[in-house]
Each structure stands twice: as C-alpha cells, then as structure tokens.
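Several structures are given next for inspection.
The two complexes that follow have subunit A in common; it is paired with subunit B in the first and with subunit C in the second.
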Partner chain A sequence: MERTALPGRLIWQIGEVVATHPETERSKSLTLALPIWPGHLAGQHVDIRLTADDGYQAQRSYSIASPPEDGRQIMLTIERLDDGEVSPYLTDELRIGDKVELRGPIGGYFVWEERLGGPLLLIAGGSGIVPLMAMIRHRRAAGSTIPIRLLASFRTYDDIIYRDELEHLAGDELALEVITTLTRTQPPGWTGYMTRIDAELLRDVAWPIEQHPLTFICGPTQFVETTAANLLALGYEPTRIKTERFGPTGDT
Partner chain B sequence: MSGGFISRGFRGRRQQSDLAGRIPPGQYLERRFPVLSAGPTPHTPLDKWDFSILGKVREPKRWTWEELLALPHEIPTVDISCVTKWTKLDTHWEGISVETLLQQVDYDPHSVGYVIAFSDGGYTTNIPLADVLGGKAWVAFSYEGEALAPEHGGPARLLVPHLYFWKSAKWVRGLRLVEQDEPGFWESLGYHNYGDPWKEQRYQGD
Partner chain C sequence: MDKTTLDGNAAGGILREVFLFEMTLAEGACAHCGATNAIGATTAYMSGMGTVLRCPSCEHVLIRIVSTKGSYWLDMQGVRALHIKPEL
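Here is the complex of A and B:
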C-alpha cells in the first residue's frame, strides 16, 4: 500500500496571522503565512503550541481547511469551545499580525488526492467539515473532475460553516453536490433535510456501492460511529471508509 | 525549543501542582474519554473471536474468548496519554497481562525483539518485546467496571499505558513475535516508532 512520505522531522515554526474570517458565531478561519512549508495533503492537520510568558505551554491539533495549492499559506478553521483552553485564544485573542507557533503537516491516512480516485462521499458533522473542505478546495484547485457528494449536518442555518462558498461552489462546479441537513431549526422555506444523518437519509444520498465510492467521515464520535455503521449496513466496504473523530464519548 | 517565543495574550490553564507531575509534556488533563480511529468500528461476535500468538514461536497459540477469560485477571489502574494531546489519570481496567500470555508459548527471547499487535480492521502496531513484559502491558476487556465498549476497542484491546495510546491497539486479535522491527499503521504514516509520552515522541524524528 502506497503511503504518504513525510519529511524526517517536523519542525516548530512561527507563522503570522495574515487574515481572519468569522465563519459562524462560534467558528473563525485564520490564514497563516509560514516561513517554511513542505506542502500538505487535503485532510491533514497541524499542531499548534501556545506559550505563556512564564513558559507554560499548551498544544492542540487543528485540521487544515485550505488546499495544498495555496503554497506557504494555510487556513485553519477553529471552533470555539466555551470551556476550551486553546480555541478561545485562537478565535477571540489573535489579531492580524500576531504570531502562532505550529508544526505539520500531520496525518497521512485521512487524506485525499486525485490518484486515490472516487467518487467521493464526504460526510461532516458540524466543524468536522474543515478537513473535508480542504478536499473540496483541492479538487477545484487541481481541476479534478472526480465527483463529490458532501453531506453536511449542522444544527441551524447560522451554524453552517463555509455556507456562502459551498452555495457558490455547488452552483458553479460540475459534479459537486452539497446536501445539507439542519437538525435543530430550519429557516422559513428550507427545502433541505431536517433529520440527523440516519440510515434512511444515507440510502437517499450515498453513492450506490457499485460505484466503489471512497468515503470520509468527520465529526463528533457518536456521529461518526453511527454514520459508519449505517454505511456498512448499506454494503459499503470498511476499507473504503476513512474516519476522523473529535470529542469524547460523553460521560466521565 | 520554542526559542523564547511567547504567544501574546495567552495565559493558559495550569494544572494543580499535585497533578502537574503526572501529565507528560504537551498534554492536557481530560476527564472524559475521547475516541480516535481511522475507520469504522469492527464488530466481531465473541463466538468467532480468538486471540493468537504467532510468528517466531515453536507452536502458534490460540485462545477462544472463554479460554482467555479463564486466565488470571489483573486490574491495573493506569494513566493514559493520547498523541492528540489528552491525558487521563487513574483509569481502571481489567485484563490478562501479556506476560501471562507469553508464558504459555515457547519462544526464544534472544531472537524475538518486537511484537506486532494486529487487530480486526487491519490495524497493526509494533512494540519492543521488553515493553510488553514485566507487567507493563495487558489484553484488556473491561474499563471502569464494564465491558469495554466497541468504540474504545471492545471486546478487547491492548493496554500499554507507558506509550502513547495508539500503541494500545483496539480490537486486538493477536501478537506476532518478530526478530526485526516492522513499523505498524501509524508508525508508517509519520508517527514515532516508539512513542514515549514523557519524551514527547509524537512524530518521526521527535
């Protein structure tokens, strides 16, 4: 099995915030200019390390939202966790011109590039859309014609991350379908789905298994567990389903 | 390492000092139990489940679920650290020590350098033999007094708490004893070959 070659050592470097963009009330995109960047694959992440003035440090991982074609600039989209130690700093404190220490790219499995083929079924729960957006942006930037279906679940219309870009892309790009379900409230006139991503919705939306789809699922643990199990029940091949989970199982 | 870099305006959330010494560098204290897996959760029925020791052994050995559970149980209380930065303290497990299993096979400890754990779903991870002997590793089937949940690796996972938790292979089905080291799944994808949290061996070259 061909694997992604990573350089020998991941070096900490200091990037500069060159743009910020609020995506939703709770999430924000940061564009960082990096002094060195070996290039990444869509789906990979970086480690961010924050250092307080007394030397205390905290590290977290964040998915890259931008395509490899952006060179030495990467975009991260951060969801603010109210009880988080790092995400409120990144979303609320950082300004254009601030510096951020990071290293990457990291992770060579939850990645997509054209030679891996398709069609792609991308399934996002909330901010799980971030690494999948890198795949969508990469497909466009690389001029790939591999069909993509993105199935994204958010609570409300205002929680949809990358809403404008997705609406634009879905109208503009051939063979890119964006299917959104809003699980809590829907705006007047909403014609999309309104349920959680369950077996019935997947039967409607998922590629037929004869097309040998490649699936990426990213979201909270229970979302990923349920969705992957439902796809297996539809006959999807386990080795063609790649998952990335965040968040705990719930209890302590 | 960070060359004196300070994150403007970052204060952070320090651990109370009695816990700080138990949290490896770059990790934070997590009270819940996050899940990370690269693919769908496999579900092998217990009547089809077995555990094998293969490779450089005189005779491969296989235990059914009942046979495994009939071996002496241990109840380790351990701290665990995931490479994704969380550390969980005082987790309670029940399982069979890998040493107990290895005592039941005939192998030459001088010609076996590593064990390769293999799992349902195709996952593998490599560990030096010395790191699974001496009460440092278990095949665990119970967590906090309950059967190990499938998303956490049930029915049984490897438990090697002194290494990053990707070494504690979920859904483990056996160990292959080998002479020469062979990188496993994440070890082939840029992660560190050994994975000591106290040395912060997250990625290749760390």
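Here is the complex of A and C:
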C-alpha cells in the first residue's frame, strides 16, 4: 500500500536575493531564490528571521506576492516601517546576492485556489494587497476564468503598489476589475473613489450577495475589522469572508 | 515582536514548530463558548513572550504557546477539541 508522505518539519533555509524592484517610495519587491521549496498556494506567507551579531533575533511574517507557477523563486513585497526592526533592513540594505533566512510556505486558511471558486472580491488596505496580488497572478497563470474584483485603498496615487501591472492586467482582461480609492490626496483628473472603504462604497462595488462571492480582506487590523463588519452588516455570508490582519503599517 | 492584533495565520509558523501539520485550517472548539473556528480565523497576539490565540467569537484564550531555548510550553485548556485536517 502506498503511504501518503507526511509533511516534513518546517525548516529555516537561506534564500538568495536575485532581484529587487522598488514598488513605491515605501515598498520594495524582493525576489528570492530558494534551495528547497515544496511550492506554495496564493495567499501563503513566509517567516523571515534576522539575527544580529550579538545573537538577538527578530522575526516577521511576509506574504508571498508571486504565483505558485514561478517555481523555486518567490517574490515578497515589503513595506518599510520607519520604526520597524526588520523591514528597513529588507528594503534599504539587501542587495542582489545577499542571503536571508526564512521558512515557509505557511498558512492554509487565507489562500485561494481555483477549486475554491468565486467570484472573488479582494479588498486591500495598503500593503495588504500583496497576498491578493498572488491570487490575481495565480488566476492568470493558471488560465482560470473566475472573475475577480479588486477593491484597493491607498493614501495617494504614488502609494499604489503594482500600479502599472494592475492597469495592464485590468485593461487586458474583462474578468479582472480594479477599483481604487485614494483616501488622502488624488491626482488631477482622478475619477476613482476618494473615501475610505465604508458600507456605502462596498454596496457600490461588491458582487451581489446572490452570487455568493468569496471575499479576501487584507490590510491593517482596523481596516480589516471595519471592512469585514460592514460586509456582514450588508448580509454577506461570514463563511465566505476570509481576513488577514497585517500588524502595524502606515495609513491607508 | 510587535504586540499587535494579528490572525491565527501569523501563528502558522510557530504552530508548525510544534505540530506535524499545517494548523491554520485546523478547527478549534472554544471551551468557553463552544464556537468552532479555524485557527487562521482566531485573533492572535504575538510578542517576544509568546503567542496567544483567542476565540474570535468570545475572546477567551484558546491556546498559549511560549518557546524558550528550544523547548515549548503549550497551554490548550481553552480548546475543547482540535480538529486537524492534514491536507496541506
């Protein structure tokens, strides 16, 4: 009888930075080549651990931005927190060829695969867009036709992470709609939303309840809790709403 | 680590140090209110002291994990039952 392989221990490994790409003034994408990678699901994260010379360690979780189809390379997009212990090092110090200690992939709850269905409503507050971008990229790479509506909140136009790629994808595919709200300042001629994501905005853009959308919300704690509560109040099914709270981040 | 509210998702790493399986999809029944929720949907408080997972329905503590020098303390008295689904 064939035995199902048991998952191995989740081990720390050393990834090598093979590419970096500034996304906004405060965020940067790092592409890491990994020696061991069992493959991941869109929405999963890795833990990164930094060790100082005196042995002090700091550890943080970062969502994977790249789709599973990229093989043994993963892209992370890191938002720089000025008083952070880990993110300034990752965004400012790491260069191509540098090594970084990490483990993963981690998580099975906040993930999307085609078999989970749709239509998808992805709601991002600031850098909360990162795991949702993995879902958008995965859907495209997998050739899925499940429609996606992305509702993303940023402070300003320059804060929009993946702006060019999202514009390109949304222009290319009818089944991907990108709705952006800019909560602080808007460029001249801005025709998008200008308010925080509240019940009214959700009523405007969310899929009709009868379509049983599958919703993923990711962003700062307060953003996620308010948005989820608003969706529940509008009558969306709690079991079809998945949330991931980021820790401290800038405003959205 | 920062002492802010996260989800059980963020505790996936430490849980995988202790358990054999991916645990954010496992479902825990709260010993206090009886609500059953995926570990990934719980509220997580993580600090250098350890990780505390609370019931998203009634806020009672479900699981505490503290690791010191390679050993683990696991306090599970807040969970009546844990349903582990080893698919990942």
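Brief remarks follow.
FYI, the second predicted complex is superposed on the first by the 240 of 252 C-alpha atoms of A that agree within 3 Å, B and C clash if a C-alpha of one lies under 4 Å from a C-alpha of the other, contacts with A are read in each partner's own complex, and residues count from 1 in each chain.
By our rule, contacts are C-beta pairs under 8 Å (C-beta built on N, C-alpha and C of every residue); 3 or more make two chains touch, one makes a residue touch a chain.
Here the structure is a predicted model, which means the values were calculated and not measured.
In this superposed model built on subunit A, subunit B and subunit C take up the same space, so to speak, and clash.
Look at A:Ile209: by the touch rule set out above, it reaches neither subunit B nor subunit C. When the shared chain is aligned, no partner comes close enough to touch A:Val18: not subunit B, not subunit C.
Within the superposed three-chain model, A:Ala233 lies out of touch with both subunit B and subunit C [touch as defined at top].
When the shared chain is aligned, subunit B and subunit C each come close enough to touch A:Phe110.
Residue contacts after overlaying the shared chain place A:Leu10 against subunit B and subunit C alike. More residues of subunit A are touched by B (comparison of subunit B with subunit C). On subunit A, the surface patch touched by subunit B in one complex and by subunit C in the other comprises residues 6, 9-10, 47, 58-61, 106-110, 221, 242-248. Chain contact summary for the complex, subunit C toward subunit A: residues 1-2, 4-10, 12-13, 16-17, 20-22, 24-25, 38-41, 86-88.
Residue ranges of subunit B in contact with subunit A, taken from their complex: 1-2, 5-14, 25-28, 30-42, 84-85, 121-122, 149, 151-152, 185, 188-190, 202-206. Taken together, the subunit A residues at the contact with subunit B in this complex read 3-4, 6, 8-10, 12, 14, 47, 49-53, 56-61, 85, 89, 93, 98-101, 106-110, 221, 225, 228-229, 231-232, 238-239, 241-252.
Against subunit C, in their complex, subunit A makes its touches with residues 6-7, 9-10, 41, 45, 47, 58-61, 103-104, 106-110, 221, 242-248.
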